[in-house]
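I've put the structures underneath this note.
Look for chain A in each of the two complexes below; its partner is chain B in the first and chain C in the second.
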Partner chain A sequence: MNSATALLRRELRLAFRQGGDSLLVVMFFVLVVVLFPLGVGPEPGILARIGGGVIWVAALLAAMLSMDRLFQTDYDDGSLELLVLAPAPLEVLVLAKVAAHWLTTGLPLIIVSPLLALLLNLSPSGYGVLAAALALGTPSLSLIGAIGAALTLGARRGGVLLSLLVLPLFIPALIFGVSAVDAALLDLNSRPPLLILGALLLLALALCPWAAAAAIRQATE
Partner chain B sequence: MTLASPTFSATFSATGLSCVRGERGVFGGLSFDVSSGQVLYLTGANGSGKSSLLRVLAGLIRPADGTLTWNGTPISDTRDTHRERVRYVGHHDAVKPVLTVAENLSFWINLSVSEIEAENDPVMNALDHFGLKTLADMPARFLSAGQKRRLNLSRLIAAPAPLWLLDEPTTAVDRAGIEALDHALARHLGNGGMAIIATHDPLTADVVNLDVSDFPFAADMDTV
Partner chain C sequence: MHSFANPTRFLRLTRALQPWAAGVALVCLAAGLYFSLFASPADYQQSETVRIMYVHVPAAWMAMFCYVAMAAGSASFLIWRHRVADLVAKATAPIGASFTFLALVTGSLWGKPMWGTWWVWDARLTSVLILFFLYLGYMALYNAFDDQARGARAASVLALVGVVNVPIIKFSVDWWNTLHQPASVVRLDGPSIHPSMLTPLLLMAVGYTAFYAWVLFLRVRTEFAAEKIRALRFRQAAVPPARELKSQEG
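Right after this comes the complex of A and B.
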């Protein structure tokens, strides 16, 4: 556990010192959402209806943006080999890296999401559920993305390949994330989709660290 | 934690080791024994498989054939404990440019050692040994290639482990740095440690050499 917290601390420290990556992700998220009213026209009715979906798709794309850096820099400078050789189980170390990734990219997305909901004229009754759905969904995105990031280590154009691998796997989170928001807007029960998002998160938590660790061992051979 | 703390006594042996990278056999039928207090220098032409051998010994690559044992117990059964025994220094220095020199080193110590004896301050001791103490609070991006390598080598003494696997450790390191490594190595061996070092210029005179070129991969060897 000591080594996992040491890694988490290092990752957060790296993220804060470099700063740029987190900010870039949030800016991208905001810009994509802001582009939609310009594209589909400023009719409040349309925006309110598609708002939940727009925010979710933008969140997926924003999560992708920083994903290819997750293991690549450690791979390039030799840190990844040493992480593989560390006494702690690699699965736990992967989990620590994913946690740091979520804290520096997923969490900021959740924090700015009410603001974007406001821009899209989403009814205030949906804000809470939107934030809850993102809180349950974005960790799954980080976990699933970690598999893709590990599989594409050392590949040329890894970033593009990563999107192709991982975006289809994001679909369940997208479907239930959007349906939770829609349910809240239509005064329906948003509990079931939220519970399914939670189940998806638990599933990802149980499987992804192992898959990503296996892919990393393969890459450092 | 001082180097003197655990006095190791062990034998690390390889029998009939062979390695295949991609489609190409790198070496085959390689055997050796290293015991506490011994150092084994790996020599051989470029591409003869010194680095591959070290990666096999560290556990990063699975050997195509052959066994590695520690005191008679096969490594493949005890991978977790093997990782605790090994300190591997490869071609890359694993230095994060935005962290300070001391932060870089203490991260690797926290990762490899379960608890640090605070009163001994292993970070500062190790940095002092490799002449980096005055740079401890400087971001590592200002280090030269040789200083980065010294920082990487500092891991060896800051977090002691019985088996050092060093891949061309003196690359870019100046004479004083080589001397510092030589001293650290002598102390490590004196405490019952062992080291396997791939190099073109052995540090000390009386050494056991293993020329990896002498173990070509035989085409008729059953590979998988």
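Right after this comes the complex of A and C.
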């Protein structure tokens, strides 16, 4: 546990000192969303209808964008091998790295999401559910993405390959995330899709560290 | 089971079984096609369109069967390091992807006259589309590394991760209200489909399975041959050929 918190602190410190990553991801997220009113036309009704889905898809792509750096830098400078050899179980260390990734890229997305909802003319009743759905969904994205990031370590064209592997697995989170927002906008009960998102998160939390750790072990073998 | 991990024994087995698989596949597919296209009744609701079902349903079954076979091969490769199991998984991937593609295309051709649309985003269709992407991802990941052994291991892990999708496909028609109809052949209270339609369907299913075995044996033997050629090339590159040595001496 100690080494996990130490790793988490190291990751956060690295992210803070280098800056960059979180800000870039948020800027990408905002830019993608801003493209939609320009692309489909600025009519408020249409934007309000597709807003939830647009924000979710943009969040998915933004999470994708930073994913390939999750293990790659550690793999390049060799510290990943030290983590594999460390006495602490690799699954816990993976979880710490994923937590750091979510704190630096997932959390900022949730914070700016109400602003984007405003830009897309979403009705205010949906803001809370949108943030809640993103809060339950983006950790799953980080967890699933960790498997893909570990699998593509050292691959040719790793970034493109990573999106091919991971985006299909993101689909369940996308479906239930959007249906939660839609339910809130239509004054329906948004609890069931949120509960399913929570269930997906628990499932990912239980399974993904194992798969990602197995993938890292075979990459550093 | 482990005795088949011996490549020589496995190759001998495939060589013996391959003509049988080919024979069963050809006979069953010919008979199944005759029954499904000519000797079975048209449906009272779907009329002649129902005949697409005889191509579609076995393809969808095989799509899932191939994925399970691929995952089983990957698991035994990761656990026991059986090279044969990895080659079986690798050889299964393109076959399974083709079956999935066939199921998607025939389903879409059937959907246009029946549902009035080529495609709907219901749970069954979406999860099968994800299955198709998983096959593509497996093949892409397998070939993405300079070191082939590394690609084999990474792709095996991916195949195991994707197993989550298989029960989702199977039960998607029960869990959600889908446009796709629920199971009518494999169910607890016996098949709810008339024997005149069940016969050609089962014939086609046996034919598809035998076809899979046939192509699988062929592909695995090709993989072994390719590996042998590669090893020979390496040896040739390392040692100059004997003939040249002789000519130098002369």
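Definition applied: the second predicted complex is superposed on the first by the 221 of 221 C-alpha atoms of A that agree within 3 Å, B and C clash if a C-alpha of one lies under 4 Å from a C-alpha of the other, contacts with A are read in each partner's own complex, and residues count from 1 in each chain.
As a working rule, contacts are C-beta pairs under 8 Å (C-beta built on N, C-alpha and C of every residue); 3 or more make two chains touch, one makes a residue touch a chain.
As the structure is a computational prediction, the values presented were derived from the model and not from experiment.
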Requested in this report: Once the structures are superposed on A, label A:77 by its partner contacts, choosing first (chain B), second (chain C), both or neither.
Outcome: first
Query raised in the report: Does chain B (first) or chain C (second) touch A:152, or do both, or does neither?
Result: second
Query raised in the report: Which holds for A:168: it touches chain B only (first), chain C only (second), both, or neither?
Result: second
Requested in this report: Considering only touches as defined above, state whether A:18 meets chain B (first), chain C (second), both or neither.
Outcome: first
Requested in this report: Classify the contacts of A:10 with the two partner chains as first (chain B alone), second (chain C alone), both, or neither.
Outcome: first
Query raised in the report: In the superposed arrangement, which partner chain does A:221 touch: chain B (first), chain C (second), both, or neither?
Result: both
Query - First (chain B), second (chain C), both or neither touched by A:42 - result: neither
Report task. Considering only the touch criterion stated at the top, classify A:86 as touching first (chain B), second (chain C), both, or neither. Result -> first
Query - Set intersection of chain A contacts, chain C complex versus chain B complex - result: 221
Query raised in the report: For chain A, which residues count as touching chain C in their complex?
Result: 147, 151-152, 154-158, 161, 164-165, 167-169, 171, 175, 207, 211, 214-215, 218-219, 221
Query raised in the report: In the complex formed with chain A, which residues of chain B make contact?
Result: 55, 58-62, 80, 83-84, 86, 88, 90-96, 98-99, 103, 107-108, 110-112, 114-115
**Report entry** In the complex with chain B, residue positions of chain A that touch it
**Finding:** 2-3, 6-7, 9-10, 13-14, 17-18, 76-79, 81-89, 220-221
**Report entry** Touching residues (chain side chain C, partner chain A) in the complex
**Finding:** 78, 126, 129-130, 133-134, 136-137, 140-141, 144-146, 150, 153-154, 157-158, 160-162, 164
